[in-house]
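Each in structure tokens, the structures are laid out below.
Each of the two complexes below includes chain A, the first together with chain B, the second together with chain C.
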Partner chain A sequence: MTKVVVSTAIELSDKQRSVITAALAAKTGSPDIAPDFVTDPSVLGGIKVIIDSQELDGTLRARLDKVEHQLVSHL
Partner chain B sequence: MEIQPLQILFQIINFSAVLGALTYFLYKPILKILEERANRIEEGQAAAEKALIGQNQVEDLKKQVKHKAEKEAAKILEDAQTAAQEKRSSLLAQAKTEALLEVERVRTSWNEEKQQSMQQMKLQFTEAVIATSEKVIGQSLDTKAHSKLIEQEFEQLLKVA
Partner chain C sequence: MPKSASFLPASLSNLINQTDLNVKPESVGIVISLGDGIAKVSGLSEVQAGELVDVGQGEFALVLNLEKDSVGLVMLGQAAHLRAGDTIRRTGKILSVGVADSIIGRTVDALGRSLDGKAEIEAEKNMVLERVAPGVMARKSVSVPLQTGIKSIDSMIPIGRGQRELIIGDRQTGKTAIALGTILNQADQNIICVYVNIGQKRSSLSQTRQLLTERGAMDYTVLVAATASDTAAEQFLAPYTGLAIAEFFLEKGRDVLIVYDDLSKHAQAYREISLLLRRPSGREAYPGDVFYLHSRLLERAARLNEKHGGGSITALPIIETQANDISAYIPTNVISITDGQIFLETDLFNSGMRPAINVGNSVSRVGSAAQIKAMKQVAGTMKLDLAQFRELAAFAQFSSDLDDRTKAQLDRGKRLNQILKQGWDKPLKVNEQVVVMYAAVHGYLDPIDETKIQDWEKEYLEYIHSSHTALLESITKEQKIVDATESTLKEAIANFNTLHPEFHLSE
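Up next is the complex of A and B:
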């Protein structure tokens, strides 16, 4: 069974969870998918989805990390 | 007055005897003594002359030795001065090279420290910017904005995946 973890900064509503679950089920082709919804304030905003070993990071934390990395690499 | 030949003959013999005795016992020894004295004087003069010549030779030799010693001393002094000058030049050049190397080392070290400080400052500035951004984001996003952002990002993720 496909393991899915969804991280957000705030707790999602049931409606939001349903929409996300349905979208992920369609995307992965697994209708019985059951994501674990995790509330993590450190992501600041946006959403991060981990499907097995694949990570899809759309959080503000990831963007800030990317900006920080680019700034530091140009020092 | 009557001449008496026998008495004259006797006087002649007597005078001859006295003359012979004087010659033998007085004249010849005195003459011998005078000759010996003259010889001693001549020998003394010769010895004196010889000594004088020897003294002159010694004086000449002393002058030559002194001149030679002075010449050698001057040569030694000149060599020492030349060597000292060369050593001085060498030491000066070495000191100059070492000083330049030290200046370069200090300059390099200073530049490295400056660069490290600048890098540290930039890093601290970046960290401050990120920390400030986190605070601003945390304070500015309400639930509605969060939800909207989540929806947008989720749509993007689905497109990319």
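Up next is the complex of A and C:
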């Protein structure tokens, strides 16, 4: 069974959840996945999905981290 | 308003614009347990053994164990921020160190980061830490000498470029001194030196650095350090880092000398990691692959043929023994890997014989091919003379009246031993060694007072330098003592001895 965790900054509505679940089911090819929806304010915004040990991080926090890393490594 | 103030925001926004913000799938893992610098992690699918893993806040860990449901990591820093349940991610990078020509004269840690307060090294090339040793066809036999500047080594235990010669002995017998003396002697030898400090005190690192700086040796030396207060993982990696730096110069066709000080501590650091990772332990609680740990390191020391650049890496590993026990696990392992060993003994050290080399037990298996002819001419009989002397000396302890021949042999032996004494930071050039040794083995020291031999040597060298420079030049040029030089040398020594009666035995 594929373990899926979806993290967002604010709690998602049922409609948003079903849209995300459907999208993930299509992406992973297993129709009966049941993602864990986690509310984590530290991500600031956007959405982070972890499928087993694959992570897709589209949160604001991750983007800011990337900008920080870019600046630190060049200064 | 200064010009830089208006320049800064533009460059900053430029940098920010360059940031790649696309979302890419990343392989991540969750920390299950953490302690003693070891982490057990679930996830991290497709991670490779030896890969670097990003644990956040600019710190990294190294993958050492791949198990069915988890991965064993060893931290390369303190990683104090890490908690169980944290997410860590793969980097896809194998451990490597950024090297450039500018690394010469610098002090770096096991990951190649600056330790001397100067700017980080701008990498010209990334050298991987774990690499396969040069193949059989790329190698060439040892034929060029590596002059240590130490009389007893260069004459009787000669080291060639590309050789691996072990320095072994108890604590406080002058192991490091021999290695450092050798580095000091490379000033005009076109050799790059790498000194790897493993698990030693920071104070000794700082002393070493200061000494090498004062003597101008940092112009061709790189220091790599993982001191006692660094993590076991860093101590485990430091020799490989040093070697990766050496290989950077090897690829450029340079000759490199690398000193591992010391591999006993290295083995202990690896034992610590292995026990914490719960790998099965063997003799002396070392893991089963501790031999491979050192063999894969020392096998990368080599002399390459011209087709492969013609460079060389000469390795001087150091092993500390306990109570002269060379049959302990790590000493026997390293003795069997290296091409010879230099034995240092506490008894000799305490009796004033410095360097405290036990010439009888020390060997060099390949170096004699690299010795210059002049040195062979003078040192040929020396090892034999000294062996005979030791035998006679042991025997003579029991009898008071000896025949004249035995007495003469004993006297000669005592003087040979005296002439081998040398301050560790006073290396001698090979031609100087030859003229000194010539006098000793041809009996010119027999009338000299045994206790004044060191003063004799000093004066004698000054005399040769001031009045017989051509003699030294001839030895350097011809690489051997030609007949004409030999007769001038004989005359010069006889002359010197008549000029300096103060060194003679009082009748």
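Assorted remarks:
What we mean here is this: the second predicted complex is superposed on the first by the 75 of 75 C-alpha atoms of A that agree within 3 Å, B and C clash if a C-alpha of one lies under 4 Å from a C-alpha of the other, contacts with A are read in each partner's own complex, and residues count from 1 in each chain.
One rule holds in what follows: a residue touches a chain if its C-beta (ideal position, glycine included) is under 8 Å from a C-beta of that chain, and two chains touch if they have at least 3 such contacts.
Everything numeric here is computed off the predicted structure, so don't read it as measured data.
Once the two complexes are laid over each other on the shared chain, residue contacts for A:56 go to chain B and to chain C alike. With both structures placed on the common chain, the touch criterion links A:67 to chain B and to chain C. Legend: residue contacts after superposition of the two complexes on their common chain; A:20 is shown touching chain B, with no touch to chain C.
By the touch criterion defined above, A:8 lies against chain B but remains apart from chain C after alignment on the C-alpha atoms of chain A. Using the contact criterion defined above for the overlaid structures, shared-chain residue A:34 touches neither chain B nor chain C, since it reaches no partner.
When the two structures are aligned on the shared chain, A:45 is found in touch with chain B, with no touch to chain C.
For chain A, the partner that touches more of its residues is B, with chain B and chain C as the two candidates. Within chain A, the residues touching chain B in one complex and chain C in the other are 54, 56, 58, 67, 71.
Chain A makes touch with chain B in their complex at residues 8-10, 12-13, 16, 20, 23, 27, 41, 44-47, 49, 51, 54, 56, 58-60, 64, 67-68, 71-72, 75.
The touching residues of chain C, counted against chain A in their complex, run 12, 15-16, 18-21, 23-29, 42-45, 87, 89.
Within the complex, the chain B residues that touch chain A are 119, 122-123, 126-127, 129-130, 133-134, 137-138, 141, 143, 145-147, 149-151, 153-154, 156-158, 160-161. Considering their complex, residues 50, 52-58, 62-63, 66-67, 70-71, 74 of chain A touch chain C.
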